[in-house]
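In order of appearance the chains are A, B, C and D, and numbering begins at 1 in each one.
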């Protein structure tokens, strides 16, 4: 092989021409709405994790006996829960919709799969609410 | 009426001269409502600046060579209409996440390797002799994989996928869609040969389901679906007692 | 010394080229096969073929009728032995494509479906919805990836054939990435570089269809056969030239003039919309001239109406047409008629090659649209071309493999000299050229408009003579072109200049060949000679390059076996 | 150029497969079960809008003592943590910490989920004795 232009012609190893390798900017996810929503979706894990840790702690506190048990009612806790609920609902919405893409059953349209997921969610929620409220005094 | 004009900014980069890409601005006539961004580039190359380099051929959205970033979104320039941008200006850049060879030309060798690695051809345990005629295949069986066979290798999905941008080793959307195209073809028996490539540590697991690949795909391939389904299938083959059996 | 050397080198990564490469490996797995393509193979223009590929697959069909349709369609300019061999091989190739995974559309029983096509007496066009070329190209390309014997040089632009002792021993090609000129040597070379629609302004062909391979062969001394035979397709979208496939008419679409009349009843009453392309294109132009066309911003047009087919049929069989209508015209073909007008589409003429693709130069073969093996004559029938690429691509691959298996090695000394020569030429005429005031784009556009005007659907002596003069002056101006791009990396201005150089020369062969054929046959319609003249012109034009302006034209008899020329009416 | 396949890395990554499987399971559990708990126990209860089991010691230990409930709580709390671990690990990658893809990071994140599972089991077994009341 021979290079166009005298200078490179002598070089028989001919390294590939230089390319410019762009870097992903750190804030790539701020540049587009979809990316931002994606990051939010992934982030929902954190608030949910914190809330479940609280629940675990709540269970553990039941061993302190009736005197040491006082359920939380601080406004801060309620605000925290409201925030967590928002994230949790976003997780539910995205996860159940996406599951419609993943699960493929021959002959069943994916819209139906998604709808049945949401139906299952509503039923489960009703049952849990009934237990949590129904067994209260 | 004064002549309608539009400003097009295009990336320029000559590896011999430039350290980094820069934008060059061109003001060109927007003469016809049916003009697409590619026509604008062609006008520049033919009449303003012959040194602008980019790829294109079919001008009908099927050869897959004219993908570029238009105002930050990966698109086929041959079916992105100027009328949708005018009077705003247009910024045309090479596809994100790829090394830039020159101006608007990206290096897509990486995909060519990945395409080959997923064995995109019919694999059979036993060759079906030519003399026996065609395999029978119903339209329903074709519908199983049709969508994934429509990929034109335009690389828009790779440009849209941040996971690929962060980690070029990731097998990525189009290659997985094409693997699935063969896996789902009733004539193919090669799923076991393809799975290890699809499901290795740089394979489908890396995808965190950003989903943008499917949003930008100009051919409705839905590579995100191909990837998630591959994850599920692979897992099921492993988890279910008889999941690993022969097809 | 360290250049690549192959047994078989294919120039072109379209359907014909890839089929040839696989056939060569099949014929002899020990061969080293190279493939040079100026674009990644899956970008080749085969990708845009829509309608389908013809082959006799049905019991009610016969080789005989396929051969007859093809020969009649060619206006008796096809070599009949070639046609007969072709119709027998085509079904084998279609089945081979199926085995390689091509998603052919199917009938209820799971067999490959067929649809009617223009000029075919029965249904025999296999299709993959209306993206047949796309699916076929991707299928062969992806299939070819499994052969480690095939080494690709993607985005390498062939500029010259290496000829040594009147044997072809490879090509010189520019590696687009590095800008280096390389000698790629081989015992045999197969040219499969496709068509040259880009010499016309209004064409269905992609940017890469610039007739490079024809020009390479021509310059190496091979004749070009029947270059006056340029096909105009009746149904291109105004402005873009995007093709609306003949399958639209095959599936039952109507062509309507501005009075809402199916005007073809005056031209091809028995076939109507399923008449051959040359006749329908002429009918449309005649209607335009007589004032029965629609007037639009991009010239006159007709309506192609599929509304009566219904959404279900359209979505199953013509989904891409709906997509094209929506994206490029802003109409929904389910609800609106499609505006169409005749558009340059295909080149019947090409590199003089025999039934196995062999050219008069030893070791040099040609296949696909760039070749003229004698199949298409004066007018190609729709859907014969994709089958031709398969049948004659495979034939050329096998023939080259056989030649390569016995041929001696290529000696290197003359190759070095030839490469140095070509490098020198490209540097002094283009890259290091100073001055110049002519824009490549301007010359190209003028050539394209001159070709549309002078060598279009109808031709006259005056028009063609004027065309040869204008082309000569464009050639002079080409000497003074200005090259603004001095970069070695992906210099598309350099390749555009080389392509323009090729195209100007091919345009001249078309103009001169057309001027000399003083009759009307197939796609070549002379207003001054409206009749076919079998006494004088039942022969092929073969244009040879000379040092002067005009090529030397030679005539060769058409080979006739079973089908005597008859009047061609539909 | 010739394109030789990815020879280096063509084995199914079973660990990734397992992580993904657990991630998906955890995702479903979190999606279906978490919001109502947050709503009832975190908002409606504390606001006093409805009465909820965990607001009184006796109702709370009675229900937490139930073995089926214990099992349920294990699923509710432990399984989502495999989902969280996965997402948070990739979130770090997305935000520019490629090290989160490494094996040590996997050990930390999924190991964390395993630890939380163990803690949950321990809490459920030690807090309120199992009773069928």
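By our rule, a residue touches a chain if its C-beta (ideal position, glycine included) is under 8 Å from a C-beta of that chain, and two chains touch if they have at least 3 such contacts.
What you see is a predicted model; the values in this text were computed from it and never measured.
When every chain is represented by the mean of its C-alpha atoms, the one lying closest to the mean of all protein C-alpha atoms is B.
With B-C and B-D as the two chain pairs, more C-beta contacts join B-C. Remark: subunit A and subunit C have CA centroids separated by 53 Å (rounded to whole angstrom). The distance from the centre of subunit B to the centre of subunit C, with each centre set as the mean of the Cα atoms, comes to 27 Å. For the pair subunit B and subunit D, the distance between mean C-alpha positions equals 36 Å. Here the spacing of subunit A and subunit D, counted between their Cα centres, is 12 Å. Residues of subunit B in contact with two or more other chains: 15, 101, 112, 115-116, 119, 162, 166, 208, 231-232.
Counting partners per residue, subunit D has 1, 3-4, 87, 90, 94, 96 as the residues that reach two or more other chains. Within subunit C, contacts with two or more other chains are made by residues 145, 154, 177, 488-489. Across the complex, subunit B meets subunit C through its residues 14-17, 32, 34, 45-47, 49-51, 53-65, 79, 101-103, 105, 108, 112, 115-116, 119-122, 128, 130, 133-139, 141-142, 145-146, 149-150, 152-153, 178, 182, 185, 187-188. Put simply, subunit B touches subunit A in their complex at residues 13, 15, 18, 20-21, 72, 96-97, 99-101, 107, 162, 165-166, 208-212, 215, 222, 224-225, 228-229, 231-232.
The touching residues of subunit C, counted against subunit B in their complex, run 39-40, 42-45, 47-48, 92, 95-96, 98-101, 103-106, 108-112, 131, 134-135, 138, 142-143, 145-146, 154, 177, 206-208, 239-240, 242-243, 297, 316, 320, 323-324, 327-328, 439-442, 444-445, 482-493, 496. Residues 109, 112-117, 119, 162-163, 166-167, 195-197, 199-203, 205, 208, 231-232, 234-235, 238-239 of subunit B are the ones touching subunit D in the complex. Subunit A meets subunit D in the complex at residues 24, 26, 29, 39, 42-46, 48-49, 51-53, 55-56, 58-60, 62-63, 65-66, 69, 71-74, 77-78, 80-82, 84-85, 88-89, 91-92, 95-96, 99, 120-121, 124-125, 128-129, 131-133, 135-137.
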